[in-house]
Each structure stands twice: as C-alpha cells, then as structure tokens.
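So, here come the structures, one by one.
Heads up, the next two complexes both have chain A, just with different partners, chain B and then chain C.
Moving on to the complex of A and B:
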C-alpha cells in the first residue's frame, strides 16, 4: 500500500516536472504555433541563473527565492530576443523555425559550455527543502513537494492571466482568429511578443526548479525538450487544460511502467502509448474549436 | 492560416522530430564503434630511435562528453612525461609527445590510433577511457603490432598482447568490494546501474558472487544514460530494504540518484551505497553533501599516506593548481608511463616484441603502492581499497586488501564465476 502511494506521488511529481517544462511551450507552441527547439535551452539558462545567483548571494534559501523571478526574467528576455530577431520573420514558415531554433539551441549550449565550463555544476538546495515530510504516513521529499506546488502556482497564475487580464483576452483573441483580432484593433505583433516572453520565462522558472533535482549542464534542456513537446502534443494544442492533464497522465504512466518494468522499457512504453493515442485522437486530449477560416 | 490550425497539422511532425531527436541522442551516447577494425597486415614498425628523442602518443578525448574525465588523464600523462624527461628520459632519449584528441567517439579513437602508429611512428600509445573506445582501438593495435596502455578500471573478460591494462579489472575492484560488504555482515544488496555494457557485465559478476556467498540480490535496476528522474528507482530500492546498494551508475545520473536518495531519507547509516564510478573528480559534481559518508571502490585515493603519493599530488597541484584533485584513473595513467619506461629499460629496446618479452615482473612504486605487471594477461597487480567519502570531498581509505591482488580478468580463480566468460 505504501508503495502504491509513494509511486502515486512519484508519478505526480514527475508530472509536475513535465508540466513546468511544457507549460511555456504550451503557450509558444500551443498558442502561437512556433516550434521552438531552443525552449530547453531557456530552461538551461534559468538553471544557470540559479547557479550564478547562489554564487553571489550565498544563502541557498534566499538565492532560490531570488532565482525564481530572475530565472523568469532571463528566460523571458532570451525568448524576446529570439522572437524579435529571428522568429517573427518566419511566422508563416514553421518548418524553417524548427531548424533555426534548433541552431539557436546548439549555439546557446556552446555558449554555456564556454562561459560555465563543460563539467556540470551543482546548486545546493536550501536547508528547509532538504529531507522529507511525513504525509499520510508517507515520507515525501520536500523538494518534490515544492516543485509540485510551484507547478500548481504557475498554472493558476497563467490561467488567471489568460482568463482575466486584458493581455490574456488579447492572446486568446489572436489564437482564435488572428485576422479578426487584428481587424478589431488588437496589435498582434505586441501580443505575440508578450506571449513569447511569458512562455520563455516559464521555461526559465522550470530550469530553476530542475536545479533541485539534478546537476546543471549545458545539455540540460535537451533531456526535457522532447518530453515537453510530447506533453503539449498529447494534451492538445492551444489549451492549457490539455497540457496539465497530459503532463500528469504521462508522469503517472511513466512511474507505473517504470515500477512494473524498468526505466528504459518504461520510456519506450510511454512513447508507444502516445503514438497509439495520437493515431486515435490526432488533435490531442483537448482541442480548440475555432470559427477561423484557415 | 491561424496558428491553432497550423499547429494541429504540425503536431505529428513535431512529435516525429522529437522522437528522432531522442533516438539520435541515444545513438550518440551508446554508440560502440567497432567500425575501424583495421585489416591491414602488420606493417614494419617505423619507430625512429636513432636520434636523441623517441615519440610516444597520448590519445584522450579533449572534446565531447568524455572530455571532462579524459582531460584529467591527459594532464597526469603530461606530468609523468615531464618528470621522466627531467630525469634523463628513457634509455637516454627524451620523450616527444604527440597528443591526439579522440573526440569521445570510438571510431575517432581507432582512426587516431592508426595515425599515431603509422604516420607519427610512436613507440607506444597511452589513453582511452570508455570500453567502447578500447574495443575500437584493439584491432588497430593488434594489426599494426603496436602497444596501448589503457588506464581505466573496466569490466574485465579481455586480454590482448598489444594492450597493457593499468586500471583495475573486476577481481581488483568489484570482487573486493563484495568481499568487504560480506565482511560487514551485509546479507542483501540492491543493484543500480546505467544501461550499458559495464554495469550489465559487472552485475552479472555480482549476481554470480552473491549466489555463491549467500547474499540475496533484492533487485537490479538500470537507468538509461543521462536519466534524471530517480524517484521510482529510489522507491524500489527503499521498499526492497536491502542492507546495501551497489551502484554502477555513470556520470550525471549519480547526481540525480544521490539527491533523490538523500531526500527519501536514505543515507550511509540506513542503507550504504558502494559506487565504482565516483572518484575525487566526480564528488564535486555530485555535491559533497549528497554523498558524504558513502563508499567507493578503487585502487587509489588522493589521501593515501605514502611518500610516492605525496610527491605525485604535490607535483600535480604545482603544475595544474592547488584546487585540482587526483583520482584513480589519473594515477593509473601516470603509473602506466613509468611502467612502460621500466619495460623499455629492462628490454633495453623500444621494439614492441622486446618490450612484451620484458614486461613480466616489471614493478613501479606508484602513488597507490607497489604495482607489478603480469606478463601473461598484461594487467597489473594492484591493491584494492574501499573508501569513504569525507566532508571535504576527498575519499579516505576504510578497508584495504592489504597486499596487491594478482589480476584475473577472466575470473578463472573463482569457482562461482564459472560460465561467466
């Protein structure tokens, strides 16, 4: 029984990591349709931000709290730069975007290698996050609980922004019908830029969170980008709800398979499940119905 | 075209790209290039020993994923060459180093080895790290009838007249570690490893040992190279409740594993972990606070208290900086150059056949202690050391086999190992 609960938590926890990695992508890929292969590198930038901040601040607890907004800012600014220089030129050429952003990803990896060195670096977790708490008789690592909470906060915050604020209304309008939105006086250019900023910033936050789990290296992003895309595609493009469900579903699936088989087999099985699922439901879990003409 | 429609159409494409990326990533990580098996007949050696110098080759990955580890080996080889040259060279000839980059690719190792032998005409080559790189170079050295000195512990079950193995084979590292655990009263173990050749071979040996010695293996888990989510594996380890964990994880996975392990409330007091791939160099990357008090199995630690080691560490830090640490593979590489010098001086010749002939019984007072070359299997007798990771990130000897263990790469001297090779 204990094992069942701890596996359940492992699945939820893995799901929350996937969710953090995919949430930004749900915006940039899901809402804007930009295949940004450098999304993982924005995560890496966020992780290195945490590393640098810890070097400056020293105190692990304070540095984590400072790193979260700063990671968002670093990721977001990188995204803004990428959007302003390259991506906005190819909104109508999605496959070119894929190649260009992949190139950018490689460049960013090499930059990280040159600046921070090839060996991985380590960020200390604050004392109040080390160890485990007792939850219904189950020892739950505090870092994992923190990441779960962070993912929930990020989703809620994003949902509020999208549903309530004027910016959110503009984003949704542009997603649902770009031409009509433009005709109604919405500046799609500015909206795109802001959406990309938020999406990339979320990647930065995900990167900061990842420092609690493993070490940081130039290729940190590459190990998450694939899973992140899978989550967004399986969840259905254009809906944050779908991304949330898909992230937790894949997390639980991976944890279950991994427990009953092995880590390598579990990965394969998850891929198989997604491929079969997309055969049956190519639009993903949740799909948007729009009245747009194209 | 609205973004939403466009992306719906692109979704399968993106999924495909994602899948392809995973596959290429896996391919790059696990590639075992046996490709460059040279079929050329043994060429007449072109080694030039007429002048005041003799050329030797260093072949290490100075770029790519293995560069982190192999650069340190290249550093200690350079130190050994510098010392030997300052001391008058080998047979009165100064060593001239040709350094090549294996680029972390087994096929490149094979190509560069061939280049070093046939176009640079080196008398011997020192280097290699992964088993894949060694297996790729082996046919080249055999076809060209040249010599390779390989400085890293490995999975055993190999022996070539053209390779000298100065790292530990299994009966000098894994078997003593198991002996140690048995001595400590460990009755059950859990095996965790990366999913590739070394951990799988090592665990085969561990299983055979455990069966013969009444130790129960409660589980065996493999994580793909680069795997970063260890909550499930740690859950399995925890619920199995073994007395100890035997860890053959490689590289970055160790960081995620030990962080998770510690967070799950496990530690050296509750369930000690014995690792065979974490040396001084890696402790910093994993984070001392995550592995303090855990155990490692090697043949050398920086903390060894001997005049030879004091000299070695001092010389190394003087050349490369006081913040640098020395580890087992670095020491084995350093030692390999001195062993080759010993063989050449005993043979009074740089000729491969003469060196092979003279190899048996050549000894060197290495930083790890006295080592002796075994002329039959070309491995060296080494002392096994179990170490405990200290709060300063260095590793302190906890248990020692006391005397050098004769190398037995095929584990022929162990009844339980029958049928493994």
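Moving on to the complex of A and C:
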C-alpha cells in the first residue's frame, strides 16, 4: 500500500511538472499550430529570472512570490517578440517554424551560457517549503506539493480565461474557425499575439517552478521540451482537458515503468506506448471535431 | 562541381544541355575530385576530416529524399545513423578483443564497467557478415516498421516530426543508461582494426576515405534515379497533395514508408563508415541535438534538390569544424542564426538563389522555358524540385514543400 501511494504520488508529481511545461504549448500549438521549439528556453528564461530575483531580493520566500509573476512576464515578452519578428511570417509553414524556433532555442541557450556561465546554478527554496508533510503515512516533500498546486491553479486560471473572458471567447473562435472569426470582426492578429504571450508566459512560470526541484542550467529546456510535446500530441489539441489527462497519465506511466525497470528503459517504454496509442487514436485523447479532410 | 555549373563554350553547349551527359559529367568531376584531387592535396588528417563530412553527407542525402522530396520532417535520423554506427562499433570492439578462445574476447570497456562477460545480444556481431547484414537491415527495418505504424494512421506533419524527435531522445537515453553494454556517455571508441586492416596505417585510412567517397557517389546516383523515376514523381505528389494522390488510387503511406526506409538505410551506412573513420561513436552524436543538426546543411543547400543536401552538409560540417576551433561559442550562434535565416527567409536554400541568378542572367526567359526540354535539373542541383511538381503555370521557383495548411488545429497535423 505504501509502495502504491508513493508511486502514485511520484507519478502525480511528475505529471504536474509535465503539465506546467506542456500547458503553454497546448495553447500555442493548439491554437496556431505553431511548433515552438524555443518553449523550453522560455522555461529556462523563467528559471533564470527566479535566480536573478533571488540575487536581488535575498529572502527566498519573497523572491519566489515575486518570481512567479515576473517569470510569466519574461517568458511572455520573449514569446511576443518571437511571434512579432519571426513566427507571424510563417503561419503557412508550420514545419518550418519548428526549425526556425529551434534556431532561436540554440541562440537563447548560448546567451544563457555566456551570461550566467555553463555550470548549473541553484535557487534556494523558501523556508516554508522545506521539509515534508505527512500524507497518508507518506513523507511528501512540500516543494512537490507546491508544484502540484501551482499546476492546478494554472490549469484552472487558464480554463477560466478561455471559458469566461472575452479574450477566451476570441481565442476559441479563432481556434475553431479562423476565417469565420476574422469575418466576424475578431482581430486574429491580436488574438494570436495575446495567445502566444500567455502560452509563453506559462512556460516562464514552469521555469520558476522547476527551480524548486533542483539546480538549473542553460540546457534546462531541452530536457523537458520533447516530453512536453509528447504530452500535447497524446492529449490532442484544441482543448486543455486532453493535455491535463495526458500529462498525468504519462507521469504515472513513467513512474510505474521506472519502478519496475530503470529510468532509461521507462522512457523508451513510454515512447512505445504513445506510438501504439496513436495507432488507436491518431488525433489524441481529446480532439475538436471538424469536417476538414486533411 | 563548379566545372559543371560554369558556362560551357558553345561547342560543348549541345552536350551540356543533354541531361544524361550532364549527369555523367557531374559524376566524373565528383569522382576526379574525390579520388584524385583530394587524396593528392590533403594531409592524412584533413582527408580523414573530409571522410567524416562525407559520412554526414550520406545522412543528408537521405534527409533530402525524405524531407525535401517527401515532406517528412524527420528529426530522428540520428537514431538510424547511430544504429549503423553502434552495430559497426560493436563488431570492431569484438574483433579487437580477439577470439573467445584466446584472451576471452571481451571488449575492454566491458571489463571496466560490466560484469566482464559479453552479453548474448552482442555475440552475433563477432561475424563480419552478420554485422554488415544487420547494418543494412536493422535501421531500415525499424524505419519501415515505425513508418508503417504512423503513416497508415495518417499521422503526419508536426506529429511525425515530434514522434521522430522523441525516438531520438529515447534512443540516446537508452544508450546512456546501459553503460555496461553500450559504453554509456563515453560511447564506443579506441578501435584498432577494420575487418583485419590496421586503422593506424595511413594507407588504410586512405582506403576508408575511398570507401566513403564511393558509397556517397552511389547514394547520390541512387537518389537521382529515385527522384526521376515514377516513384519520385509520386513522392513529390504525396508531399504536395496527399489526399489527391489517395483519391487517384495510390497508397501514400507505402510511398512514404519506402522513402523513409531508404533515408534510414543511407543514414545507417553513413554511421557505419563514420565509426572507423572518426574512431568514436557516442550518444552525443546521435541524440536530439545532432539529429536536428543534420537538417541545417540540407536546408542551406536546398532541401528538394539532389546535390543541395550533399554540398550544404559538407559546407556546414566544414564551417563547424573550422569555426568551433576558433570561437567555441560562436559556432552555436552561427548555427542558430543559420536555422533562422535560411529556413525563414530562404526556404529553397542556396539552390534557390542560384536558380534566380541563372534565370536573371539568361534574360527574361519565360518561366518553364528556361530549362532545356528533358532537363531534369538534378545534375547540378541548380533547380529546386518544386519546379518538377507539375503544377501548371507555376512560375515561382520558391520551394514550398508543405502544402498550405490552414489554421484549423485538427487539420494542421492529421486526420480526425
């Protein structure tokens, strides 16, 4: 029973990290079909934001609370810049966006290496997040719980924005039918920019959260980007629901496989499961039904 | 290749215009350059370096076929390159370790990290024949299997790209995790002989270079034949209008699987020859980053042309070697900038510039009339393949491999 609980929690914890990383992608990839390989580097930027803020503020607790909105802003502005300079030229060539943003990712990584140095740096966790709480007889690190809660808050906030606000209505309209939305007077350009800002900002928040889990380095993003994209692919695009389910499912799978084999074999097994799953549901877990053929 | 592309004297122009003759002349020039000029002018070290570039160019030929012609953005060619390389490296390690009866036949690194025993799945690779067969079959077979699984379910575009990238990530993680049997992060290195030939001997190094050069020439020839064949036409058609091809009664999945498997085979051979020439293979050569790095040369040269990928790949490898010696961080900026500039602003690669330049120099010959009749444009890489897609009245030389995808999320990747 203990083993079951600890595996369950390990899976949920991993799933929440994946979810934070993939949530922004679900938005940018889902709405615009833009494959932003620099998403991982936006996470890295968020993580370094937390590092810089801590250097300025000092107090770990205050710096975390300042870093979260600031990380959102840094990630979002980077995304806005990328959208305005490069991506908006390439909406008709989604595969080429992948390569262009990969180039951006390489540059951002090297910038981080030149500014902060190649070795990893540490961000101290605040005192109120150190230690563990006892949950059903299981010692659960508070940082893990915090990330889980943060992921839940992020999902709920995003869901509210998408469902209730005028911005969310515009986003959904553009996702479902871009031409009709444009014809109805929705500025798809402005909507695209805002969506990209929010999606990239979520990457920044994910980056800040990752500083709680370990030291951070210039290649922080690369280690998450592939998994995050797999989550989005398995979850299906156009709706947040699929991404949430897929993130936790993959987290639980990875944790289970890791328990019975090794971490490296678990990765391979998860990949195999996803390929097999796409045989059954090529459009992912949840998909928006359309009449389109292609 | 420059001899082919410069303007010929008028006496030779008839010969020059004949596409078959141009192909033959092109191959002859390449052969002279690779088999006579390069060995005569380059030191053994530089020749080895060029041999390495040729191996990477083999991967590029395959990517040109799968991505440029077939529209499959494969971000996982490092897997097939790595499979070929590791299969070869396993054989070389076992051969170096000697026969089982004498010294025990256990490769040195296994003594260090492992149990000192050769695992069962290594044993078949003591045989050179099994190794060569495995290099020819295993990577291409894996590509065919994966391709069949995803293409028949119409997983394509970005989804295929992401899956192929995940494959590369999983492969590298697996290699690193199994240090006792794969050498882990260090990879496999320290090879002394290649099928009985001493690798330290300069004569044998030159022989290896010739082997790589010959293999590359054969691959380019095969790729050219594929491109001008009915299969090549079909592949381009699938790239541009997959549904139209399906409605005509063809199976696009089959066409794609073949192209993907051929690309995997080429990558595997490149990997297999990379090992004895370079002397090391490690996860750093096969993971996500090098896999996507293979694409930049292809993009620069001109993804849909025959020679663009080869020349682009060799140029990028050369630039990487010389730049990263001088400015270690400069190369990464340069690589990133190349990805951004070439893919965003020059999707047809340098071949596109060359075509524009040649057209403007010939005066305003109407589009479509510029190439000589029957000219397949593949012998000098001067014309992007898009010109062959048979789009009537298409005067734009820009290579646009992806069909215009609308913004509906459900259509941007795969079919519901």
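Here is the rule we go by: the second predicted complex is superposed on the first by the 289 of 294 C-alpha atoms of A that agree within 3 Å, B and C clash if a C-alpha of one lies under 4 Å from a C-alpha of the other, contacts with A are read in each partner's own complex, and residues count from 1 in each chain.
Operating definition for what follows: contacts are C-beta pairs under 8 Å (C-beta built on N, C-alpha and C of every residue); 3 or more make two chains touch, one makes a residue touch a chain.
Because the structure is a prediction, the values reported are computed rather than measured.
Q: After lining up the shared chain so the two structures overlap, which partner does A:237 touch, if you call chain B first and chain C second: first, second, both or neither?
A: In the superposition, A:237 touches chain B and chain C alike.
Q: Is A:31 touching anything from chain B or chain C once the two structures are fitted on A? First, second, both or neither.
A: both
Q: Tell me the contact category for A:110 with respect to chain B and chain C: first, second, both or neither.
A: second
Q: Which partner does A:2 contact after superposing on A: first (chain B), second (chain C), both, neither?
A: The first partner, chain B, only.
Q: Taking the superposition on A as described, I'd like to know which of chain B and chain C A:262 touches: first, second, both or neither.
A: The answer is both, since A:262 touches chain B and chain C.
Q: Find the residues of chain A that appear in the contact set with chain B and again in the contact set with chain C.
A: 29-33, 35, 92, 94-95, 98, 174-178, 222, 226, 229-230, 233, 237-238, 262-264, 267, 271, 274-275, 278, 282-283, 287-288, 290, 292, 294
Q: Under the definition above, what is the set of chain B residues touching chain A in their complex?
A: Against chain A, chain B makes touches at 1-8, 10-15, 17-19, 21-22, 25, 67-68, 195, 221-224, 226-229, 231-233, 235-236, 238-239, 252, 255-256, 259-260, 262-265, 284-287, 289.
Q: Can you name the residues of chain A that touch chain C in the complex?
A: 29-33, 35, 86, 89-96, 98-100, 102-107, 109-110, 113-114, 174-179, 222, 226, 229-230, 233, 237-238, 262-265, 267-268, 271, 274-275, 278-279, 282-283, 287-290, 292-294
Q: Quick check on the complex: what are the chain C residues that touch chain A?
A: 71, 73, 75, 146, 149-150, 153-155, 157-159, 161-163, 165-167, 169-171, 173-174, 176-178, 242-243, 288-289, 292, 295, 299, 329, 332-333, 335-340, 343-344, 347, 400-416
Q: Mind pulling up the chain A residues that touch chain B in the complex?
A: 2-3, 6-7, 9-10, 13-14, 17, 29-33, 35, 92, 94-95, 98, 118-122, 124-125, 130-132, 139, 141-144, 174-178, 212-215, 217, 222-223, 225-226, 229-230, 233, 237-238, 254-255, 258-259, 262-264, 267, 271, 274-275, 278, 282-284, 287-288, 290, 292, 294
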